[in-house]
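What follows is a group of structures, each given as structure tokens.
First subunit A sits with subunit B, and in the next complex the same chain sits with subunit C.
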Partner chain A sequence: MNRYQKIVYLLPAILTGLPVWAQQRFPKPEFETGYVQPATSQPAPRMLFLEYFDVFVLVAALTLATWFVVRKRSRQGVLWTSVFSLLYFGFYREGCICSIGAIQNIVLAVFDPSYVLPFTALLFFIIPLVVALFYGRTFCAAVCPLGAIQDLVAFRPIELPKWLQKILGLIPYLYLGLAVLYAATRSEFLICRYDPFVGLFRFDAEFQMLLLGALFLLVGVFVARPYCRFFCPYGVLLGWMSTFSKKHMTITPTNCIQCKLCANSCPFGAIDEPVEEQGNRRSNVQRLMAYLLLVPLWMGIGGLAGSMVHVPLAKFNKTVYLAEQLVANPEIKQDQNNIDARTFMQKGKTMDELVTEAQSIRSQFYWGGWVLGGFMGLVIGLTLVKLSSHRNRNDYVPDKTNCLSCGRCMDYCPVKN
Partner chain B sequence: MKNRKYINHILAVMAIFIAGIIVRDFFVNRSGKNIDNPYAYDISEFAQVDPSEVIYKEVKALRLSVSEPKGIAFADGIIYVIADSSMIQLNESGQLIKQTHLEGSPTAIAVNEKVWLAFTNRVVQLDKDGNVISRWQDYGERAVITSLAVSDQYVYVADAGNRLVYQCRFDGELVRRVGEKDEQKGVPGFVVPSPYFDIALSDEGFLWAVDPGRHSLENFNADGAMRTSWTKSSVKTEGFSGCCNPAHMTILADNLFVTSEKGIVRVKIYDQHGEYVGVVASPDQFDEDSYAPDVCVDENNRVILLDFNRKQVRIFEPLNNEQ
Partner chain C sequence: MNDKKTSKPTNRREFIQKGMRATLGLSLAGLAGVAAFKASADDYVWQIDPFKCVSCGRCADYCVVTPSAVKCVHAYDLCGYCDLCGGYLKPDANALSTAAENQLCPTAAIKRKFVEDPYFEYEIIETLCIGCAKCVEGCSAFGNGSLHLQVRHDLCVNCNECSIARVCPADAFLRVPASSPYLIKGDFTTGNSTSNPT
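And then the complex of A and B:
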């Protein structure tokens, strides 16, 4: 066991001892009658200094991962750092707080002045993005517990057809857009709700969410990191940052010798092969220009489509849903089993006030639908532009946007420092 | 790769499952949709009593023509019920012997040769014809007298407001305060969250007081020091649950305790060591959301309940008369 492995083993052992400092002031009653305590949906609050300790661990893990990827070029180092992150941020911190979910905290803070954004949530959101801007997605490589748990089960990765990757690659953008829309309208934290692994981290979730996590892991045996590549909304932001990174990892430390050994090493299909421009340059440029000009059209179509579905989208806001229910079925007001109706009646609000509030939220969804649809139109338009653009490439290089900096390709490269 | 075709099929099926789970959850459990409340306060499971644990049966229910019953006592074959602003005397057949109009609304009653009544914060002594013999000084605005017990020498007055028991002579002279919180002596005091604070005397004349916040019964000797206590805290039939139980208590022959609980309304018997013996009346024998019935016992070990909701005196006798 080398020095780094010792550190990696030792740290979780020390850190998992920390909870003994905290004691629940009023322990849950112990029933002898077989009564089962309902599962809580959020972990217990944490002392402030421990929240900052989490930020410290995030920075330390990111620094270590970046060093392993960019300087040390060690796949082993990345792997063990990800194991540590899985233990700490996954099983010990129970998947909360996480940078992916922090998107919603940020959005809510922007749109709801009454919401106080925890500073640590802001740090969890920003720090991985800043690191990605300089060094690529080292957060995905070894710090994100969701990525780590999937990476560990990628036993027999297969390469998906490019067209399928492109289509599935649109899902994270849609997911990001919907998550922002629902957080901005104070409707739902979608990312947390459909985090497939948080139930596994907490050993406590509804059956269907555990099943969802298990399915993702099963798919992950053959399709490496399916959640990261085809769902993760934070991956979209990291990809944008990473595209501009100057010190992104390279497959080879010096000059590529074109041995092609790395070509099939990437389970994420994130290595761009050498390519020369094909066809007539003039017609290629014309096609590119045509696609560029079509981008506003895509945005317009997307925006219109988004605005048209604002009514069904708004149904998932509970105020809107309650108003619709009470207008359609006024007898629900007297239904003692309907918690929302009871709460509304006890608040003393009038139906007019409720309907006005619901209309206001629906209006937010209308404009949000325009923005979401326009955003998806932009993404589709730019994807087509990218597909139609050609750049000559002489070497095998990582696709900075989609490369997760896992370091597998470095292992395959015969050129060493 | 070998078997790629099969893997593709498996992946497609799993992808459909993933999409299905997310879409189904989004629609079925959507925000605002009426779902079962996992935190609903449901104690129906604990209201079930095994029939083999029931050791009494109801033999009589005497209807009262009153609007607000307050308390019950038994002495010399007569059932005394206080209700509204009156005291009613009945025999065990339900025949009205006497009804006495009182000067106010009584809150507690005890009977020996005389009748002792509490009116929130003061005690009045009457003869059995209802004539006032003496009126004691009141115990102040904080006092809420919830129970009285009378021995050969003393009258014990349970004050839920001040969370203590007054030991008094028959003329009202205060002898001592029993169970009063005293931090210097390490006496924790009674925990009485609501006006349910009952007392009774054992065969030997020792005071037993309910400590409802602790689900305990505490026993004091003549000088006010605690002799012993027992606690039974459980939602199950053999224990007490909720904020303050037992709400009422009395003592049978052989120092068996009869307890009456609110919340899950039930009447039970415990032996002199606090071990659960059985059930007199199970929750299904009371109306929904009933108050805990007040209890007293007659010389034949019959348990007499004052059902506040049905406005009835209900008499229970042992299934096995050796009980």
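And then the complex of A and C:
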């Protein structure tokens, strides 16, 4: 088996004549003094059972958080659970493995035939979503380390105007779409690369990334959980699940008495106030219909726009970028200081092969651009539909999509049992 | 009368909620099912295929860990134990002296030990090595290529996407099963078919 593998492994190296030790310029000496050749050390990676232990901790923390939010109605409990999660998933696990990043592993598993998905990544992706489908975003409340670190610094939350929240709230959809696009085209993992907090968790990162993290925390003092609300792509998925969740947390344990005490308690602006339907029902329904009919138009416009920007989007793929560079400035092929160009020349791939490959990636971006744009159009269209529909609401209730289930509002409600 | 009016929309709303919940649940299950086809119970870690690496030097600069979790390793099996080691001495080293200015390694991480005439053993001091691949380049160019880079898993934090992999010009980084995490040249007793470069 081993010998066979050795041969299989060596063959391409010999055939392509790359760094060829196989020709062994200098034969191995025969020692006479009884010299014992040392072995090359191979320190082992983290033990597999610890990876599954992480899944266990995830499930345990989620269960605890859900119990505190939905049953116990205890903000204190949620807070301490989130401190634990921050320590474990944040500082001990150094922010990796994380459910947000796992989106990309799933996408890669679907699109890349050669990729093998670690089962733990699948579990990290799916479990919080399933829980959200039943109990709302309790993952965000106390399990996600990124949420926890922001939650702890939200000292002086100010309320952003509703329109601004709505507009900024579109960013996560775009981010999700882009992350999926770049993972599906095997370009890169956007979410991991621009995770603002992972550097803080590791106490080690490029200066810009540490700065970004610090900036997020600083803004987070006044605008509670800016990453969660205006960037997090996983939050989008959790929001969809939570919107239709079965037993989402409620502000009051029984009946709302309209005391308005909770109205300003949510630092995330996720409490919906009571509204009366305005105007005449019939014309409202007609307007709603009109907006609904506009959705396909939005999708078309979005798709067109997305497909039009596919060339700049594809630039972030390194193969496409290299091909563009080499086509535009053929002289860099001789440039010994351009590592990518030099390597390309060294590897003996022809220019035609590279260009064909780059073109096929570009066409993936073209179709991806259509899908991404269409998706954004759909999101914008549906946001408008939602804005135009005024459903009667009698009580103060959490907006299930955006509520992070942190439980702050429960403390404000004077109704106890 | 009043009762009827309020209960009807509530029922409808509940119906929609239930339907949507079922739809979302099913799509989740579907996605998980598709992904599960590609899943493996093993964990995966990053490793460098030494036959693809072109010693570009980026391993030293792009790792999220400082100094890099990539280190030079020595496949002793392949080493010629040369006196004039292409990985140890600068090619233009004038005298056969091992003074620091003649050493290729910028951090003097290679320890040279006399074995017997005329052979020398070269050992990498991993705490000093920064993974710059200078010695690897020298050894591949003038020697047997026994020095090569590997991701050291006691140091690597196993990023979801290795930030060196993203910039490696030779696409030398692979995800390999954590149960066989090294691709040591000449010794593939730890390799298996998924780590095959082809």
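The rule is simple: the second predicted complex is superposed on the first by the 372 of 417 C-alpha atoms of A that agree within 3 Å, B and C clash if a C-alpha of one lies under 4 Å from a C-alpha of the other, contacts with A are read in each partner's own complex, and residues count from 1 in each chain.
As a working rule, a contact is a pair of C-beta atoms (placed from the backbone, for glycine too) under 8 Å apart; a residue touches a chain by one contact, two chains touch by 3 or more.
Source: prediction; values computed, not measured.
In the superposition on chain A, A:222 contacts subunit B only, with no contact to subunit C. Of the two partner chains, neither subunit B nor subunit C is touched by A:155.
By the document's definition of touching, of the two partners only subunit B reaches A:315; subunit C does not. Of the two partner chains, subunit C is the only one touched by A:116; subunit B is not. Contact comparison for subunit A: of subunit B and subunit C, C touches the greater number of residues.
In the superposition on chain A, contact of A:163 is made with neither subunit B nor subunit C. In the superposition on chain A, A:337 contacts subunit B only, with no contact to subunit C.
In the overlay built on the shared chain, the residue A:347 is in contact with subunit C alone; subunit B does not reach it.
When the shared chain is aligned, subunit C comes close enough to touch A:241, but subunit B does not.
In the superposed model, A:207 lies in contact with neither subunit B nor subunit C.
Shared interface residues of subunit A (contacting subunit B in one complex, subunit C in the other): 31-33, 35, 38-39, 188, 193, 318, 339-340. Subunit C makes touch with subunit A in their complex at residues 17, 20-21, 24-25, 28, 31-32, 34-36, 38-45, 50-54, 56-58, 64-66, 73-82, 115-116, 119, 121, 123, 140, 142-146, 152-154, 156-161, 163, 166-167, 169-170, 175, 177-179, 181-182, 184-194, 196-198. Within the complex, the subunit A residues that touch subunit B are 31-33, 35, 38-39, 156, 158, 187-188, 193-194, 208-209, 211-212, 215-216, 218-219, 222-223, 315-322, 325, 335, 337-341.
Interface of subunit A with subunit C (complex): residues 2, 5-6, 8-9, 11-13, 18-21, 24-29, 31-33, 35, 37-46, 48, 51, 94, 96-98, 101-102, 104-106, 109-110, 115-120, 122, 125-126, 129-130, 133, 188-189, 192-193, 202, 204-205, 240-241, 243-246, 318, 339-340, 342-344, 346-347.
Interface residues of subunit B, counted against subunit A in their complex, comprise 1, 4, 7, 10-11, 14-15, 17-18, 21-22, 24-26, 30-34, 37-39, 45-46, 234-236.
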